[in-house]
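Note that chain A is present in both complexes that follow, paired respectively with chain B and with chain C.
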Partner chain A sequence: MKNKLKKYFALTRLGIIETFQWRLALFVMILGNLLYLTLIYFLWKAIFSSAGNDVVNGMTFEMTMVYLVLATSLYGVVELYIVWEIGRNIQNGKIVLDLLRPIKYKHYVFWENSGVLVVNFLVTFIPTFVIVVIMTKGTIPLGWNLLYFILAFVFSIVINYNIDFIVGTICLYTESIWGINIMKQMIVALLSGATIPLAFFPEKFVAVVKYLPFKAIYDTPLTLLMTRNPGWQTVISKLGFSLFWMIAISAFSGFFWRISIKQVTVNGG
Partner chain B sequence: MNNIIELKNVTKEFKVLNRHEGLKGCIKDLFSRDYKIVRAVDNIDLEVTQGEIIGFLGQNGAGKSTTIKMMTGVLEPSSGNLIINNRIPYTDRTKNSQEIGVVFGQRTQLWWSLPLVESFKLLKDIYQISDENYNEMLELYGSMVDIETLLHKPVRQMSLGQRTLSDILAAFLHNPKVVFLDEPTIGLDVAMKSKIRELILELNRKKNTTVILTSHDMGDVDALCQRIVIIDKGNLLYDNEISHLKHFFGIYRTLKIRPRENVIEVANKLKDELYAFEVSITNDDTWISILVNEEKNRIMKVLEAVQETHAIKDMQLKEISTEDVIKKIYEGGVRN
Partner chain C sequence: MKNVTGNESGAAIKRRGLVFYTKIYFKIIAQDIKSKMSYRADFIISTIGIIATNIAGFIAFIIMFGKFPSINGWSYYEILFLYGFSLISITPTQCLLDNNWSLRRYVYDGDFVKYCFRPINVWFYYVSEVFDVKGLGQLVFGIGALVYAWIKLAIPVEFLLIMKIIVALVTASLFMMALQNAAAASCFWIQNSFWLLDISLKMKDYAKYPITIFNDVFRFIFTFILPVAFMAYYPSLVILRPDNVPVLTWLSPVLGVAAFYGSYKLWMKGASKYDGSGS
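Moving on, here comes the complex of A and B:
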């Protein structure tokens, strides 16, 4: 067990070192996020002022902004562009080398990218969170909710990775990536509450979306983070929902990969 | 003796879509169920014992790579039995990977932007190499190449030769039973080629590692292999000691010349003029190739004869190529 973890953490470690090699890329990413946040600030300011109400769909402007700022920085952590990576490796044939590791491919790709995740969490999410807490003075409670958030966040990472892995597996059949990946990004961004809080969607739409796994990626962890004293039932039902989808989708992605890899006709050579 | 690799009646077929031409054709292809079966590897038998170096030859598309991919476990054979190290590589790929090493020509398994030592440390952890074995291996590497400079150099700053060398060292690091080397010397200069050959030979001797080597360079095969396996169009064409073939390609050399006058005209004239030398002559746009059997005629004699009647701009002397060897086997020059 200990050795097994060592295998995986060795990949994380190297990922961290490699990410720090590209210092400039790190700064550019932070700058890009700031620009995006400025954009959504003015967008939602316009939405709220045209609504003429302080509260729209049960959310104040401040709450909406806090939600979106945190969602954006969370997006920077969770989105690992796995589909691109798998697709590229299939196209240029490098997948052969990764398949020949003494680690399952699904695990190998995850841990290979986990270093980026750690760096982004420390460099973008934590500072953003601290700034938001200080600026909003008490809008975000600091108590048990942090623990719930961490749990939901771990589930979120696994669910998002497995969705990516399933879409990446589809690339084995299509051998093309671009269209599939764009579609996946749009669907996830919309249905997970990453770009628009789910409260703003029409009721009938939400009635369907609330049963899908996507909301466990951004909506669930952020709701748990921002709710003061949510009550046991809420916490358990929300975390239970995420946990259920995490197990279900991991099982499915593993199964789908096993039947698909038979299709592989490795390119090149 | 125990076989480390055993292939019995191994066949691999691919299903390929029949593509149509043009815009109309490509829309048709979207819904087409018109597949053809391509047999890339056809009924191959092979047995390899621990510690052998096998030269795996064949033209491009002959089925070499497919066979190697089946041996490593990336591809599943369509039929037949394939055992590596008492395991079926395809069903047990993760475990099998623990005991094989691979170097695929121009691809690198090293971490591009980091010093080599970081990749080594990673391999140490994922292959669970003990400190003792790891240090022993590094010491061994140190006695063969200038490992210290390599270790602290980022992989992306390495020359192609240094990178290939590093990739080979990485493939041997966890002391695997079998190492697959696919075109390890491609694109390298003569000095680097010989350095890499020496390295492979020494690692094979010290660690008794089985090496499966594919190459287009007869020099590689000549320097490293005791045994040669030739695959052509998916079939096993030849499987025997190199000495059998060596006698053969050792005596054939290709003399390439570039005449001052028109290449085609000169080539045609030479066919008559060199009739007595029993050579075969081919030509492309700039070069005329004359394949000379040195047991019958000395190559200098042939060159002299050419020079007497034609002005030569440039000339080269080449070892026989894999393609020519295969051609000669078909012609019956060598018996299996």
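Moving on, here comes the complex of A and C:
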């Protein structure tokens, strides 16, 4: 067990070092996020001012902004461009080398990218969180909810990774990565509540969306983070939902990969 | 005798105008489309992908704007008009300049050198190699949204208005192509320019909202520094606000051509600087 973890963390460490090699990329990414936050700030401000009401769908402008700012920074952490990586490795044949490694391909890709995840979490999420807590003074309670958030966030990372891995596996059957990746990004961003809080969705739409795994990626961790003194039942049902989907989707992605890799031939190398 | 042939071939190179390049363009993309058609599963999945992406986009649009009759002085159908407009004007970038997404890799791996040895314009040869058919799916959604909004806004169907919207769409497309082209060209100078391209792609999402929602500072930035406002807002004012068209709208076709030419020059400068590093 200890050896196994050591092997994984070695990959994490490499990823961290590599990420700091790309300081410019990190800078551009932060700049891009700031631009996006500017857009959503003015957009939602316009929406709230035309609603003529301080509270729209049970959310104030401040709550909506806190939610969206944190969702955006979480998006920056969990979006690892896994589909691109798998798709490219299939196209150029590098995947053959990775399959020969003494580690499952699914685990290899995850741990290889975990360094980026750690750096992004420290460089984008933590500062954003601190700034939001200081600026909004009390919108985010500082108590047990932080722990629930961390748990839900770990589930969220695994669920998001497995969705990426499933979509990456589809790349074994197709030549294009772009179309599939854009589709995945749009669908996940919409159904997980990353771009619009689920509270704004029409009821009939939520009735379906609430059973899908996507909401465990952004909605669940952020709701747990922003709720003051949630009841035990709420916490357990929300975390249970995430846990269930984490196990289900991990099992499926592993299964899908195993049947797919047998049928596929890879060119190049 | 030799001299004469030399002169003749020199003249032949000079004569390579629009007709020559159009002919070559169709020859090159025919190859690309043929090779893509051989992957039928891929074509089907990509088409489903583009449809699903656009449906998700429309759902998000309806959730955000459907409940309110107007946002910031813009009616629901006017915002829908901008949305459709931006989808149409992104189409040329997506269909014609798709290969720019791979430029970074070609430069990094050293494979870019193959484009430098052809007796035709490097930029032309590079971008014509790939034609993204899927981009046309977006065009269908864009035209649908624009026509629907046009009808709902009760804008008359007149020849002059149709000409105006075509010029406006071409203008907006030029700005989008310029931004993507320049972002792609950055890979000649900096490594890992993927992020710049990614941001340039996201700018099209910013373009579909009226610039008036921003405060003065960001209105300035999105007009003069990042030309987001020219990607839908300013050009479409000729249709949406015909009585009150700002000077920038009239200038936008010229600025669009200038921006595109500038991005092309930047790309070519990068290509001429390229020294074939890599394996």
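One rule holds for everything that comes next: the second predicted complex is superposed on the first by the 268 of 269 C-alpha atoms of A that agree within 3 Å, B and C clash if a C-alpha of one lies under 4 Å from a C-alpha of the other, contacts with A are read in each partner's own complex, and residues count from 1 in each chain.
Here, contacts are C-beta pairs under 8 Å (C-beta built on N, C-alpha and C of every residue); 3 or more make two chains touch, one makes a residue touch a chain.
Owing to the predicted nature of the structure, the values given are computational and were not obtained by experimental measurement.
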*For A:K262, is the partner it touches chain B (first), chain C (second), both, or none of the two (neither)?*
first
*State whether A:F42 touches chain B only (first), chain C only (second), both chains, or neither.*
second
_After the superposition on A, what does A:G231 contact: first (chain B), second (chain C), both or neither?_
neither
_In this superposition, which partner touches a larger number of chain A residues, chain B or chain C?_
C
*Which partner does A:G138 reach: the first (chain B), the second (chain C), both, or neither?*
neither
*Can A:I17 be said to touch chain B (first), chain C (second), both, or neither?*
first
*Does the superposition put A:G58 against chain B (first), chain C (second), both, or neither?*
neither
_Per the contact definition in the header, classify A:V96: touching chain B only (first), chain C only (second), both, or neither._
first
*When the two structures are overlaid on chain A, which partner does A:N3 contact: first (chain B), second (chain C), both, or neither?*
first
*Find the residues of chain A that appear in the contact set with chain B and again in the contact set with chain C.*
22
*Complex contacts: residues of chain A adjacent to chain C*: 22, 24-25, 28-29, 31-32, 35-36, 38-39, 42-43, 45-47, 49-51, 170, 173-176, 178-180, 182-183, 186-187, 190, 195-196, 200-202, 205
*Using the touch definition up top, name the residues of chain B that touch chain A in the complex.*
14, 65, 69, 72-76, 93-95, 97-98, 100, 102, 104-105, 107, 109, 111, 113-114, 118, 121-122, 124-128, 182
*Which residues of chain C touch chain A in the complex?*
36, 39, 41-42, 45-46, 48-50, 52-53, 56-57, 59-60, 63-65, 67-68, 70-72, 98, 101, 132, 134, 190-192, 194-196, 198-199, 202, 205-206, 209, 213-215, 218, 226
_So in the complex, the part of chain A that touches chain B is made up of which residues?_
3, 6-7, 9-11, 14, 17-18, 21-22, 93-94, 96-97, 99-104, 262, 264-266, 269
